[in-house]
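Take this structure, written in structure tokens, and hold onto it; I'll ask about it next.
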Amino acid sequence: MNRPTATLLISCPDQKGLVAKIANFIYANGGNIIHADQHTDFAAGLFLTRIEWQLDGFNLPRELIAPAFGAIAQPLQAHWQLHFSDTIPRIAIWVSKQDHCLFDLIWRHKAKEFTAEIPLIISNHPDLKEVAEQFGIDFHHIPITKENKPTQEAQQLKLLQHYKIDLVVLAKYMQIVSPDFINKFPNILNIHHSFLPAFIGTSPYHQAYQRGVKIIGATAHYVTPELDAGPIIEQDVARVSHRDDVADLIRKGKDLERVVLARAVRSHLQNRVLVYGNRTVVFE
Amino acid sequence: MNRPTATLLISCPDQKGLVAKIANFIYANGGNIIHADQHTDFAAGLFLTRIEWQLDGFNLPRELIAPAFGAIAQPLQAHWQLHFSDTIPRIAIWVSKQDHCLFDLIWRHKAKEFTAEIPLIISNHPDLKEVAEQFGIDFHHIPITKENKPTQEAQQLKLLQHYKIDLVVLAKYMQIVSPDFINKFPNILNIHHSFLPAFIGTSPYHQAYQRGVKIIGATAHYVTPELDAGPIIEQDVARVSHRDDVADLIRKGKDLERVVLARAVRSHLQNRVLVYGNRTVVFE
Amino acid sequence: MNRPTATLLISCPDQKGLVAKIANFIYANGGNIIHADQHTDFAAGLFLTRIEWQLDGFNLPRELIAPAFGAIAQPLQAHWQLHFSDTIPRIAIWVSKQDHCLFDLIWRHKAKEFTAEIPLIISNHPDLKEVAEQFGIDFHHIPITKENKPTQEAQQLKLLQHYKIDLVVLAKYMQIVSPDFINKFPNILNIHHSFLPAFIGTSPYHQAYQRGVKIIGATAHYVTPELDAGPIIEQDVARVSHRDDVADLIRKGKDLERVVLARAVRSHLQNRVLVYGNRTVVFE
Amino acid sequence: MNRPTATLLISCPDQKGLVAKIANFIYANGGNIIHADQHTDFAAGLFLTRIEWQLDGFNLPRELIAPAFGAIAQPLQAHWQLHFSDTIPRIAIWVSKQDHCLFDLIWRHKAKEFTAEIPLIISNHPDLKEVAEQFGIDFHHIPITKENKPTQEAQQLKLLQHYKIDLVVLAKYMQIVSPDFINKFPNILNIHHSFLPAFIGTSPYHQAYQRGVKIIGATAHYVTPELDAGPIIEQDVARVSHRDDVADLIRKGKDLERVVLARAVRSHLQNRVLVYGNRTVVFE
């Protein structure tokens, strides 16, 4: 598990011989495949695959893998990403006042459930500063109002650059990120506290209570300019009953939010998520 | 289990002594309570209860129970229903072309999972006539168009009266019932093939596929004039993945629809469902 | 979906180049892969894969596929099976007195949820003869006692040969099949009404009630000589509470049994199940 | 929610008038019932109930409630407990090396998901001392060997007395507590990392992996002298596949263990759990 691997995530128009071509590229260079999975979306005419192999004994030096595979990918009109398992991604966690997702991500990080560095926490409230300090993570309090949003987002962006952040995790950030920001930094993953597309926007647990649902949910998705409409990575649900008031829904929902967000972050960091259109393939 | 029981479903403004008053009414008349459950909706200031007792040894003759309890209920401003377990409710099942919910309800009926008579099947298509005949149930084919809807609904209503129907179960009927009809016959239970309020209206599985959800659902609810917005009785969900195309969602959804509809019908027939506002209490 | 495909299920000691070798075999002969999935059991040092491709346009005639692939498989020390999607497997369903799994399998068969022929039902009781007749399936009543078991099993075996049965589905057969029989006809799939390995043997719902569990389950597995210990294909569970007595567990369990058995039968018939040791890989 | 309440948990042989008698006791003394639930185990001939009422406006002073109700309970041969919501129970958490359940309980305690004091952590290993200090909880390291167990248990017991502990929560303590200890301090709640009664004893995830199950579970139960055989309070499960090795089962299991233990602790602390025989009623 600890020996370095390379992972290719590829999508391209379906045609004969794709599995063979990609597998041959690895094999011809002496690579040992440890995970390979593929999916064909027949409706879209699209082939999607994830392939991971050990770099030990692979004949191509790292810096030549991308150009070499690029030559194969180009005639296939493939979109592709190449990741190395020993390149540790850097995460910024954005929070508001609630601490459950933050605590959970930090605990899982310490428990090595995923590999990443977490050098930065950003919040529009000062409440969780102490938690950040407790775990030795830099905390930046950036309050947001309608008026100051553009300047504050510029400040946020600067921080992401300064800390060399690869992924922003909105761990109950409770603020809408502007399309302009998303455009400049598109790697944003959010936990929404409902079973999307039900209960978009604010106060989904209140909405759920009003509607009298018997099941509540949580949804982890990539952030896109349209609110709560980005590609879904993971969802889960919990049963509720007439005995549960809004406070109970919120309490039960927290357990969902923690686990759904954690699974999505883990899948993302292991390069298991491939987005196409507004959908995801999550290779397991 | 087979000895006759009476069941009271009661809702009234919350106040002290309600449990005692209702229990005393049963006890003072020699009744043996076999199920009692209550719920207080503190936000609505409402007390809701279900109480069931054996009629053997109960001192009040049946016809006097309602007037006697009415005298207690009136000062409490209570809404209440009285049911006897040996009054067998009569169900009409309305279908379209799909047979899975129909087959399932008939099988459960034969397996005595719920107590009812099913003398009537109505459909806007002739396809399931054979199934009806196979099980000896009258089948009426009433095709619906925009133009003939009012006259056909009048015909449907006549059939319900003729067959002395207590409950209409829309078992994938795939037609909207008019507010006027609902007004005249409000006891209608529907299975909707999505996790409401997500994917209201037609083709919910296509909608779900488009949105890229990772979980699909089904919802049983009472029918109200607003489409797919009535009080929810039961919901359940199933996990799906990128490997599931629309046909797979439909196939997996059928299993959900069968079981969710069956649970809702059973709860309704056992007088376990109390509607208030647009919500239900389902006493277990 | 309806165009004929070939499927290879392969397991062999893990080594470099396996994906490439197998994919090349398909590609070199002009095959269009529509499903490929692999799994490596690192602890066992075993590579397992399922690969399915369209026969249209495949250059090798059917009868040459096995010998051609055999030449590749032999040096890899591979175990492998080759299936053609238009070879319709023939199922015998064995039942006792309960009809829910039988009805369910027949309904799914009619709904084309899986492709098979069901020419034969065997039972140790006469009760379900009528159901068999209703759907035009031959029914053989073969009562079993301790004394007559060997001769009756000989009779059962003769029927399986006569009807050219590929798979026996024990759909609540409630009898133990002898090791000798299993030896002669090993393709047997059973539904056990518990979450195995909890509650092996008879009356699992009574055992579950006695133990006071909060969740019940059902398990579909291949039958091996050791009782309820064969490779598990599928399991599912349902929540129960103190309100559920044994009859409720049985009722709720029936819904589990139906769906768990159906999923296992479907996976098996689509050649998605690969057994190794006492485990299964179920390719999705 | 914050106004003090009294709760009665009662079990007695079933007979007519029980609901009325108990409700009258509250009502006659001016109590406002905010929760009442009952269950009849017909097989055991046992009536079980939980009733909670506000102490504001209740005419009986606290110290007279027990004697007054005792007079009612005695002729009914009832077992009963009386709890006041403002008597804060004191918990000792026992751990070994794993921190996930400990962290989770502490986080929920801080989030006010349950009301208790946690003054004491006991462990047979020193690893989690730092966590205890971080949250200001006393930590006692009491290593256990076969030889020193009796003296160490005497030491543990002394600590429980010193800290006035009401409930011991074994949060992955990984040691067997002796029958003698349980006899002296019976209020012990344990999380077992399997779906009991499957995989009793050590290394349940390894056992589960060996058996090839498709679902894993966790079980919270009261501790009794027979290993892993005490009354079950709560269970939950998670789906696994052939892709999950033992490490994955352990990781997925941790999420189960956290949530199952937390639910059981919360139900216990809210006096919602009534044990009879080897079973529990969990009033919701």
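Order as written gives the chain letters A, B, C and D; numbering starts at 1 within each chain.
Everything that follows uses one rule, which is that contacts are C-beta pairs under 8 Å (C-beta built on N, C-alpha and C of every residue); 3 or more make two chains touch, one makes a residue touch a chain.
Just so we're clear, the structure is a prediction, and the values are computed from it rather than from any experiment.
The interface with the greater number of C-beta contacts, when B-C is set against A-B, is A-B.
Work out the mean CA point of subunit B and of subunit C, and you get 37 Å between them.
Inter-chain centre distance (subunit A to subunit B, centres taken as mean C-alpha positions): 41 Å. Contact of a single residue of subunit D with at least two other chains is seen at positions 42, 241, 243. Because contacts link each chain to all the remaining chains, their graph is best described as complete.
Interface residues of subunit C facing subunit A in the complex, by the touch rule stated above, are 16-21, 23-24, 26-28, 30-38, 40, 42, 239. Within the complex formed with subunit D, the residues of subunit A that make contact are 99-100, 103, 107, 111, 113, 134, 241, 243, 251, 254-255, 259, 284. Every residue of subunit D that touches subunit C in the complex is listed here, in rising order: 39, 41-43, 195-199, 210-215, 217, 231-237, 241-243, 245, 277-282.
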